[in-house]
Amino acid sequence: MPPVFTPLNDDHTINYSVIPEYAKYLANAGIKSVLVGGTTGEHMSLSVGDRKKVIDAWVKVAKTTDLHIQVQVGGAPLSDVLDLASYCQKVGADSLLTLPELYFKPDSVDTLVDYVELVANAAPNLPVLYYHIPSMSKVEINMPAFVTKATNRIPNFKGIKFTSNDLSEGAQVLRALKNDQEMFLGADTLIAPAALLGIKSSIGTTWNLFPRLAQDILDAVERNDVAKARSLQETLSLAIEAHTVEGPWVPIMKAGMEIVSGIKVGPPSLPQKPITDEARKRIESKLRKLQIID
Amino acid sequence: MPPVFTPLNDDHTINYSVIPEYAKYLANAGIKSVLVGGTTGEHMSLSVGDRKKVIDAWVKVAKTTDLHIQVQVGGAPLSDVLDLASYCQKVGADSLLTLPELYFKPDSVDTLVDYVELVANAAPNLPVLYYHIPSMSKVEINMPAFVTKATNRIPNFKGIKFTSNDLSEGAQVLRALKNDQEMFLGADTLIAPAALLGIKSSIGTTWNLFPRLAQDILDAVERNDVAKARSLQETLSLAIEAHTVEGPWVPIMKAGMEIVSGIKVGPPSLPQKPITDEARKRIESKLRKLQIID
Amino acid sequence: MPPVFTPLNDDHTINYSVIPEYAKYLANAGIKSVLVGGTTGEHMSLSVGDRKKVIDAWVKVAKTTDLHIQVQVGGAPLSDVLDLASYCQKVGADSLLTLPELYFKPDSVDTLVDYVELVANAAPNLPVLYYHIPSMSKVEINMPAFVTKATNRIPNFKGIKFTSNDLSEGAQVLRALKNDQEMFLGADTLIAPAALLGIKSSIGTTWNLFPRLAQDILDAVERNDVAKARSLQETLSLAIEAHTVEGPWVPIMKAGMEIVSGIKVGPPSLPQKPITDEARKRIESKLRKLQIID
Amino acid sequence: MPPVFTPLNDDHTINYSVIPEYAKYLANAGIKSVLVGGTTGEHMSLSVGDRKKVIDAWVKVAKTTDLHIQVQVGGAPLSDVLDLASYCQKVGADSLLTLPELYFKPDSVDTLVDYVELVANAAPNLPVLYYHIPSMSKVEINMPAFVTKATNRIPNFKGIKFTSNDLSEGAQVLRALKNDQEMFLGADTLIAPAALLGIKSSIGTTWNLFPRLAQDILDAVERNDVAKARSLQETLSLAIEAHTVEGPWVPIMKAGMEIVSGIKVGPPSLPQKPITDEARKRIESKLRKLQIID
C-alpha cells in the first residue's frame, strides 16, 4: 500500500488538482489501498483544515478508483487528532492509522494503549491501527506487548504499521496479532525477508515509485523463488540508497516520484526543503544504471 | 517567570474563569511576566482555536495586572505554529517562545535555525526565543553553536529557555548570548547553582507554587549568602521531589498548585491523567514537613 | 558456527575437562568451526592467563576433531588484546575476531579502523574479523563504511560478525564485502530472512543447542522452501524466547545447553548469576511443548 | 584531587622515572591525594602487570610526599579487577575506586551493587568508591538509589566519583551519602556551582594542570564571594574549552599538562593518538590569552 504524497505548489499551498491523476496512476499500477497523511504525506506539518481537505479529495477519488482510503490522523495535538478521527468516520474513510503522542510521550505499554484508545473511541466504526515508527516518534515501546494489550482493551484496534528494521520484533508482532488484524511493514529494504517471515503486507513509499518491483518481490517469495526475491530486493534497495544518500526521506522521495512517474508532487512541506537539481540528476542517473527507468 | 497552567474543568474543557484570579495571585506574589503555552500549560495538547482563546484571556488580564505575556507557540504542525506566531503579534503578546519541530526533527544547527527563522518571520515585531527541552522534544542540538548562528541570521532572535540539567552547556550558552538577549533556566532544582554561574532568570513551574522561595534563592546568591542559597535550594528541591515520585510533571504540578495555592487548575489535558487522591495526600504531607505549607 | 561456552565449575574455576567431550558433541552434530571467547564464552570476564589456557584447550581438541578455531580476542585492555592476538597466531588458532575498544570508544569509522588495524598487525598471518555487537559494546559505527575502509587499509581484514537485528544494514555490509571475506550473522531469530538476503553463515548460541534446527533452516532457504524455512525459524525463535524471558543471555543459554545436551557448562562467570531452578524448569517445559526435546 | 596521568615514553612503554618528579610537583602545589588509574591515567588500556607497577610506583612516592593514594581498579575483565583490588590492599594503597562492568553491563541498581560488592570484598580493609561516568561506561543507573542500596549492603562502600554534568542528580547523591562517605565531582567546568550545592571535593584533570585555580574557586565559594567564584570558574572553563575543541580528553590533557607544567607525561596510551603540534600551539596561545600561563 502506498503512503501517498501530498502534492504541493511551489508556494507550499496544496495542489489538489493533481490528486485525481495521481489516484489513477496508482490504480492503473494495481494498487488497491492508499495511506493518506503518513510520513510521506507530511500531514504532521499541515493544519487540521488542510488535512481535512486532503482527506476529502482522496475520499472523493476513491469513488471512481475503488481505492481503500486509510488515513493517518496522528502527529498533532490530541484534540486535533480526535477531531480528525471523528471526521474520517463521518466522511467515509475506510480505516485509520495513528502515531503516538509526540510531546507527552507514552512511557509504558499502558499509556500508549490509553492514547490509541482515545483515538479509537473517536471513530468507533472504523478499524484503527497503530503507527510504530520509533526513528521519527522516539516512542520505543515493546510492540508485541502493546499489541496484546491493545487487542484486549480496544474493540476496533486492528493492527500495526511496523516501521522498523528489527524483523525479530516484527515476527513477534505478527505472532501476537489475531486473524482479523493486519500488519504492514514500513521498511522498503526488507520486503523480501519480511515476506519470508510471513509479513506480507507493506506500506512504503516504494509503492508509489516502484509498485511493480515491490509486487514482484512479494510474488517471488510467494512462489518460492528465493534467488529472484533476493535479486529484486537488491535492485529495490539500491534504488532506495540512490535516494537516501541525497537527503531526508520526504524531499528525496518527492524528487524520485517526479523522476519516475512524472506526477507533479512538488516540493516538501515546510520546514523541509527540496533537494538540489544536481542531487536529482544523480538519482536519475543511478536509477538508469539500475535499469529501473529508461 | 512562571509558565502558567491551563485551568481545566473536569470534562477537560478550558476553565477561562479562573484566569483573572490566577493572574492576580501571581501579580500579588511579585511576578512580572508569565509564559503561556509551555509544557506546564500543555498547549501541545490543545487545538489552535483553544490556544488562541487562552492567549486572548492572558493578554486581557495583562492589561490590569501589568504582566509581560510570553507565548510558547510550538509543539504543533508548522502551519499552526506560524498561524499562532502571527496571531500573537496581532493581539499584543509581548514575546514568543518556540519548541523545535517534533516530527521532522532538525538534525543540525542549520536545520534548527531554519525552523526558528520561519517562526520568527511570522512575528517580526516580537522577540522570539527558542525552547530547548531535549528530554521532551528529543532534539539535542549543541546550544552554544545554535545561539551563535541564530543570532547571526534572525534579527528578532532574543534568547533561549534552557531546560536541561547540564549547567556546563548552560554557561556556554550564556557566554554566547548578546546583551539584548535573555537566557531562562528551566530546571527548578538548579536555580542557585545556575545563578552562581550568572544565569539569573528562570522559567519554572516552581514560580507558580513557590514564588517566594525561588526569589529568595536568587536573592541569597545575589547578596553572596552561599549557605542560605544552598539551604533554600535544598528545601525547594525536596519540595519538587515530593511531587516527582508521584508521576509525570504536569499531573503532579497541577495537584501541587491546588494544594499550595487553592487555585483550581483542574486535571491535566488528555492524554495525561490526574494523580490519585492518595498521591495528593502524600505530597501535602511532605510539603507540611518541609514547612512550606501550614 | 557455535560460539562455545566456557565450562565452569561451581566455584567459578574453569572446567577444562569438559572441553574434549564438548568438542566431540559439536563435531558429531556436523559442526566444522567454533568461536572461542565470544560473548557466549564470556572471555570479557576472564584474565589473560585463563583466556590463553582456554585457547590452548580448544587448539588441542581441534587436532582430533578437525574444527576450525576462531578466537575472539577483544573485550580487555588493548595491551592484553594485542598479547592475545599474537598468542593466537603463535599457538595455531585459525582466525581472529575482535570487539572494539570498550572504554575509549571509537567515535568514527577511522578510529575504529585504527583499533582493528592494531589487532590485525599483532597477528599478521591470521584472518581478522570485526565483532559488531552494538547492544553490548555501545559502539554504533556505520558498518558498510567501516568494512570498505578496513578492507582498504588492513590486508588481513577478512570480515565481520554482525550481531544486530538490522538486516537492512546487514545486506549493505554483504554488498561491501569482497569474495575472500566472510559475514556471520549473530541474530539467531533471523537466520532464515538473512539467508534469503544472501547472509548464509551465522555465529549464534543456537548452534550449540540446536545445530540441526539451524542447519535445517539454511537448507530450506537453499532449496527454496519458504514455508518450511518460516516454520523452522518460528520454532527456533520460540525456543529462544523460552529462554530470553528468564534472564540475561549467557545465564539462560548455559542453562539451556545443559537441558538440551547434558554437557556440564556450569554457571556463568562472575559478575553474572545462574538462573533459578524454577526458570530452568519453565524453559525445559516450553522446549518440550515445542517438541525440540523429548 | 588530581587523577594522575600515566607518563609514557614515545614507544608507549611506561616512563616510571617521571613519577617522583610528578608527585613532588603535585605535593608542592598543595595536593594531598591522587587518583591512580582513572580515565586520565588510562589504566583501561594497560595490562594488569603494568597497572601493578604503576601502583607500586605511586605507593612508593607516597612515603616521601605523604600523598593519599586512591586507585581505580575497574575497566578490565572482572577477574583482573578483583586481582587488582586485592593487590592494592596488600601493597598499601589507601582507597579504591571502581568502574562498573563494561561488557556485561549492570541493568539495575541491584546488579550494579552486586558488582561493586565483589570488588569491595576483594579489599575488605580499604574504603571503596564507585566511579560514575556514564559518558564513557554507558552505564546509567540512578545514583541516589544505588548509593542507598550499596551503603546498606557493602560495609566498606565509602562514596562516589560523580562524573556527570547533572548537578540535580549530584545534589541528590550528596543527600543520600552518610557522614563517613565522600562525594567527588568529576566535572571541571562545574566546580563552583557544585560547591554551592555542598559538593566540595572533586577529582578532575584540572587539579593536575591548574591546581591553584581549582582551589581558588573552592575558596571563593567558601568565603561567599560569588562574583569571584563565577569569574574564576569562567577562566577555568575557557581554559578547558581551549583543549576540548582539539580532540579527545586524554590526548588534549596530556598535551596541556606538558605545556603548563613541563612534566613529560608523553603521548596517550594506544589506541589513542597524540594531538598535532598545531593543536598544541593553539592551546598554548589561548591559555596565554587567558593569562593562565606566561
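Chains: A, B, C and D, in written order; residue numbering restarts at 1 for each.
Going forward, contacts are C-beta pairs under 8 Å (C-beta built on N, C-alpha and C of every residue); 3 or more make two chains touch, one makes a residue touch a chain.
In UniProt terms, the chains line up like this: A, B, C, D = N-acetylneuraminate lyase.
Quick caveat: nothing in here was measured; it's all calculated off a predicted structure.
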Rotation angle, chain A onto chain C: superpose the C-alpha atoms of these two copies and give the value as a multiple of 5 degrees.
180
Rounded to the nearest whole Å, what is the centre-to-centre distance of chain C and chain D, using the mean of the C-alpha atoms as each centre?
35
How many angstrom lie between the CA centroids of chain A and chain D, rounded to a whole number?
51
Note the residues in chain B that touch 2 or more other chains, in rising order.
none
So, with touch as defined above, which chain pairs make the list?
A-B, A-C, B-D, C-D
In their shared complex, at which residues does chain A touch chain C?
165-169, 171-172, 175, 187, 189-190, 192-194, 196-198, 221, 224-227, 229-230, 233-234, 237, 241
So in the complex, the part of chain A that touches chain B is made up of which residues?
39, 42-48, 50, 75-80, 83, 99, 101-107, 111, 114-115, 118, 136-138, 248, 250, 269-273
